[in-house]
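Presented sequentially are two complexes of chain A, the first with chain B as partner and the second with chain C.
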Partner chain A sequence: MLFKILSKDGFRSLVEIILQSNEIIAPKKIGTKADGDPIHQFLPVTSFEEMDLDYRTTEYSAKTYFLPYRENLCTFDFEADDWEQKIAYRMQPRAIIGLRAFDINALTKLDKVFSKGRFPSPYYISRRKNTFIVGIDREPLEDEFCQSIGADIVTHGFDLFMTDLGDRYFVAVDSDRGFNLLNRVDVREVTDEDTQAYKEVRKRIQNGFKTKINLSNLPNLLDLEFTSEVWKKWGDKCLSCGSCAMVCPTCYCYGVSEEVSMDFKEGARVKQLYSCNLLDFARVAGGHNFRPDQETRLKYRYYHQHRGFLEDYDEPKCVGCNRCGRVCLAGISPAAVIRDLYEENV
Partner chain B sequence: MCPLPLRSYDVRLESEMNQPLDFNRLLRLKPVAKVFKSEITGVIRLTEMEKLFHIRIIDDAERERFSFLPGQFVMLEVPGYGEVPISISSSPSNKGYIELCIRKAGTVTNALHRAHRGAKVGIRGPFGTNFPLERMEGQSILLIAGGLGLAPLRAPIFHVTENRSDFRDVHILYGTKDPDQLLFDYQYEEWRRIDDVNIQVIVEQANDSWKGPVGLITKLLDNVTIDPNGTYAIVCGPPVMFKFVCGQLSQMGIPMDRMFVSLERRMHCGMGKCCRCNVGDTYTCTDGPVFDYWSVINLKEAI
Partner chain C sequence: MKHLNIEQKRPRIAVFDFTGCEGCELQLANKEETLGAFLDAIEVINYREVSSEKGDNYDVALIDGAITRPDEIERLKAIREKAKVLVAMGSCACFGGVTKLKNAYNLDEANREVYGDCPKETIPTMAVGDVVTVDLKLPGCPVSKDEVERVVQHLVWDLPLPTYAYPVCLQCKQRYTVCRFDMGELCLGPITRAGCNAPCPAGGLGCWGCRGPAENPNYEEFFALAKEKGFSEQEVKDRLAFFGGFEDVL
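And then the complex of A and B:
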C-alpha cells in the first residue's frame, strides 16, 4: 500500500476539484436526537462545508448508492401484441467521501456477491466501478463490535483512506485514479514522524472498541442451537418490520415485481430491497409459507449473517456496525442475541 | 485548477450474452436481465388447473444456443405481470421449442392461462442443477412423481425413453389425488408401449371410470423389485411425498445419495442473489433445485 500525507487545505481542494464536475455523497448532519447527539446520513453535498467528517455513524448505511432501495431492472414498451425490453444501468461517476472502515468492508462483501461468481450483476458493477471512494478512520461508538468480526480495519475496496492526524491526513492510496487525483493537490511523502503519529491514532481507535462478541465456533453453534429457545425468546419480540435489513450495510436480499403505466404503454420490472424478517419472504403461491413465524425468520437472518454467508465466502456477512441494533424498536441487537446463544440464556 | 471529471467505466455485461451460451456451468457470464423473446406456439389443456405451453425462442441464433439438462428450470416472464420459475417439461433433445406445464396459482400463472397461441413471453435461463442422468447410465432407474411433480419429471422420462438402451430396468410411477388431476394421461399409453418400460399410475380416490389401482404412491413401490446396489431414483412432487417415498426407498436399500428430488421455494432471480429461495445454507436456484436426498435431510428445514 502506498501512503501519502495530505494537508487539510489539500483535502479541501481535493473535494472542490471533485465537486466541480461530479456528485459527492458524504455524511451530512440532518438533525439532533433527543439526547443531543447529532444525526447523520450519507447524502449528496454541494460544498465542502456541508460535509461533516467528524461524524460517528450514520443511521442508514451507504449501500443505497450501490443497491438502491428501488431500481428498474428493465422496462417494457408495449405495442399492439408485442413488446420490447430495454435495459439500462446507472453509469454517472460519483464520489462517496467519509465511509468508515466497516462500511468499506461491507462493500467488499457485496462485491463478492454481486461482482464475482457465476452471475455478476451489471447493475451493481456499473455503480461500484463508477464510484470513487474516500474512507476515513473514526473513533468507534461503544456498541460497535466491528473489531470482534475483524472489520475495523480495511485493506482494499477504496480509492483513498484517510486517518486524521490533527493538522493533516495520513492517506492510504489503493487505486490509480486515487493516486492521480492526490497528485493534483498539496501532498507530500510520509516521514517517520508521521508514521509515529499515525500509529498513535490507530492505537487510540483500536482501544475504543468496547463491545466484544465471541465468534469462535459460532457457525457450529448456530447449527447446534437451531431449535434453541433463544430464538423464541427474541423472535417473540420481533415486530417483523424489516428495519434491521434496511439499515444494514450488507443485507441485500430483494423482491422483484412488475408495474404497468396507466396508459398500458410501458411496464417496468422493479427490484426492491426486502427483508427476511418480513412476513411473506418465503410465502409461495397457494399460501404455503416456509417461514411462517417471527422466530424462524429472525433466526434465518442470523443464520445467513454468520453461517450461510460463511459457507460461500469464508467470512461472516455482518461487519459489526450495530446499525440494526440501534434501529430496532424491539431492542434486538446482534451482540445480545449471540451472547444469549453462547450462554443459553432463555 | 481544471475540473476533474471522474472517468466513467462502461460496464456492459449484457453484450457478453451474445457469445455462445454454454450451460455447462463453466461459462462465467450468463443472462442476467435480458429475456429471450419467445412465442407461445401452442397451448394444450391438461386439466382444469394445468395447461401445457409450447414456447419457441423467436431469434434463430438465441434459439440454437439454448440448451438445457433435465431438471433445470427457466424464469418465465410475462411482461406487465411478472416472472416465475418453471421447470422445463420437454425432452432435452428437442431443439425447436420447450414445453412448460403450468398450474394456475396466482397473478402470473393466471395471466398465462388467459394467453393464446401467438402471445409473446420472455424466458431467461436455464438455471439450476440437473438430474445427473449420465451417472445413472448402465443402472436401473425409478422415476416417481406425485401431482404436478410429473411436470419436471417429464424431462428425465423423455431422456430415458429416448435412450432406453443406456439404462437397465426403467420404472415410471405416478400418483395423484383423483383421476381428474392426472397430467399427460394421453401419454402413458405411448410410454407403456415402449419396450421394457414399466409404467404404473395410481389415484388416492377413484371415480366410476377409474380401472387402475387405488392408494398412495408408496403402494406402487410394493410391486417393484429392484437391485438396491444398481438403482437410482428420481422423485418429484410435494415435500410430504419425499419423506414417505424416499423413506421407503431407503428401506429397500437404495443409498440416499442415489435418490434425487427437486425442491421448490419462492424465487425472484434464479441467480443466487435475491436470497428468497434460501434453505439452510444453500440456495435452491443455484445449488438446486435438484438435490440428492442425503443433502436434503442435512439441510435445515428443507422438507
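And then the complex of A and C:
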C-alpha cells in the first residue's frame, strides 16, 4: 500500500476537482431526529460544504448506489408481431466520499458475489468500476461490532482511504486513478512523525470498540442450535418488514418481475431488492411457503449472514455496522441474538 | 386490435359511486401521462366523471364508496348481477372507510349532527363485501391508479396481478425515507399492506393504514413497540379505526 499526506486544503481541492466533472455522493445532514440526533444520508452533494464527514452514522448504507432498490434489467419494445430487447448498464462515473471501513468491506463482499462470483452481474460491475471511493476512518459507535467481524480495517476495495490526523489526512492509496488524482493537489510524502501520529489515531480507534460478539465456532454453533428456542424468542418479535435488509450494506436478495406499459407497447424486466424476513420470501408457485414462520425467516437471515456466506466466501456476510439493529423497531440486534445463542438465553 | 399477433381484449368497464368522497373515481381520471392509453385499453360503459355514456352492458364494475343507505344495497345487488367481475375500489369500498366511524355513534345523533333538521335515511356503514361477493379488492385512500392499471392489464393480457404480502416499511425504506418513529410520530407502516409505495411517510406523515393489514401482521409486537415509544392505547386504536381496515384487531 502507498501512503501519502494530504493537507485539509488539499482535500478540499480534491473534492472540487471531482465536482468539476463528476457527481459526488457523500454523507449529508438532512434533519434531526426527535431525540436530537442528527440524520445523515449518502446523497448527491454539489459543494464541499454540503458534505459532513464528521457524521456519526447513516441509517441507510450506500448500497443503493451499487445495488439499487429497484432497477430495470432490460426493456422491451413491442412492434407489430415482433419485439426487441434493450439492455443498458453503462453509467456515468461518480465518486462516493466518506465511506467507513466497514462500508468498504461490505463492497468487497458484494464484489465476491457480483464481480468475482460464478454469475457476475454487469449491472453491479458497471457501477462498481465507475465509482471512485474515498473512505474515512473514525472512532466507532457504541453498538458497532465490526472489530469482532474483522471489518474495522480496510486494505483494498477503495481508491483513497483517509485517516484524520487533525490538521492533515493520512491517505492510503489503492488505485492508480486515486494516485493520479492525489498528485493534482497539495500532497506530500509520509514522515516518521506522520506515521507515529497515524498509529496513535489507529490505536484510539481500535480501543474504541465497546460491543463485541463471539464469532469463534459460530457456524457450527448455528448448526447445533437449529432448533433452539432462541429463534422463537426473537422471531416472535420480528415484524417481517424487511427494514433490516434494506439498510444492510450487504443484503442483496432480490426478486424479478415484468411490467408492461399501459399502451402495451413497451415492457420492462424489473429487479427489486427483497428481504428474507418478508412473509412471502419463500412462497412458491402453488402457494406453498417454505418459511411461513417469523422465527424460521429470522433464523435463515442469520444463517446467511454468519454461516451460508461463510461456506461460499470464507467470511461472514455481516460487517458489524449494526444498522439493522438500529433500524429494527422490534429491537432485534445481531449482538443480542448471537449472545443469546452462546449463552442459551431463552 | 391485434398486438403481437394476439387479439387484445377490451374490457367493458363501469364505475359506480356509493357513499364516499368520489375521490377514487377521480383518481381513475388522473395520471395524465397514461390516461389516453388507459382509456384506449378499455371500453367505458358507465363512468360519470369522464363520460355521459350510461350503459349497463358492462363486464367489470368498479365500486367506489361504502354502503350506508338501504337503497344502496339494492343498487349494488343489481350491479353484482350484471357484472362478471366486481372490484371494490378504495378503502371505503373495501373496509367501509372513514364513513364507518359513524358506526361508533348513535345513528340518529350522527344523522342530526350532519343533516340537522333534514335527516336522511341511514344504516350502519358496510363494506361492499358485506353486501355482495367481491372478486377483487384494491384498498387505499385514494385507490392507486397504478393498481387499477395493473387490473386492466390483467383483464386485457392476463398479466399476473401484483400482490403485496409485506408491510409498508419495505417500500418506505426503498425510498430512503426517515422512519417516522425516529421523528417521534406514530406510523402504522409496520402492519399495513404495502403496494402504495409509501407516499405518506415520504411526505412526512406517519402511515394511517388506508390499505388495511399486511398478511399476518405482528400486532402483538406492534402494540408493544408503540407503547414503548410513548403512544397511548387510545391513540393507536383511533388510528387503526380510521379507515376501517383493522376491525379484526380492535
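As a convention for this text, the second predicted complex is superposed on the first by the 345 of 346 C-alpha atoms of A that agree within 3 Å, B and C clash if a C-alpha of one lies under 4 Å from a C-alpha of the other, contacts with A are read in each partner's own complex, and residues count from 1 in each chain.
Criterion: contacts are C-beta pairs under 8 Å (C-beta built on N, C-alpha and C of every residue); 3 or more make two chains touch, one makes a residue touch a chain.
What you are looking at is a predicted structure, and each value in this text was computed from that prediction instead of being measured.
S.K.: Examine A:G255 and indicate which partner it touches, taking first as chain B and second as chain C; both and neither are also allowed.
M.R.: The answer is first: A:G255 touches chain B but not chain C.
S.K.: So in the superposed three-chain picture, is A:A330 touching just chain B, just chain C, both, or none of them (first/second/both/neither)?
M.R.: A:A330 sits against chain C, while chain B stays out of touch.
S.K.: Look at A:W83 in the shared chain and tell me whether it touches chain B only, chain C only, both, or neither; answer first, second, both or neither.
M.R.: A:W83: touches chain B and chain C.
S.K.: Considering only the touch criterion stated at the top, classify A:S126 as touching first (chain B), second (chain C), both, or neither.
M.R.: Touch partner of A:S126: chain B, not chain C.
S.K.: Show which residues of chain A both chain B and chain C reach, each in its own complex.
M.R.: 78, 81-83, 257, 260, 264, 283
S.K.: Once bound in the complex, which stretches of chain B touch chain A?
M.R.: Touching chain A from chain B are residues 1, 3-14, 25, 28-30, 32-35, 37, 77, 79-83, 105-106, 109, 118-120, 122, 264-266, 268-269, 271-276, 278-282, 286, 300-301.
S.K.: What residues of chain A sit close enough to touch chain C in their complex?
M.R.: These residues of chain A touch chain C: 30-31, 33-35, 39, 41, 59-60, 64, 69-70, 78, 81-83, 236-243, 246-247, 257, 260-264, 272-273, 275, 278-280, 283, 294, 327, 329-331.
S.K.: Help me check something: in the complex, which residues belonging to chain A touch chain B?
M.R.: 13, 17-18, 20-22, 73-74, 76, 78, 81-83, 85, 87, 89, 91-95, 113-114, 117-123, 125-126, 129-130, 132, 177, 181, 184, 223, 226, 252-258, 260, 264, 267, 269, 274, 276, 281-286, 290, 296, 300, 303-304, 307-308, 311-312
S.K.: So in the complex, the part of chain C that touches chain A is made up of which residues?
M.R.: Checking each residue of chain C against chain A gives 3-5, 8, 34, 37-38, 40-41, 149, 152-153, 156-157, 159, 162-163, 165-167, 169-170, 173-176, 178-179, 181-185, 189-191, 214-218, 220-222, 225.
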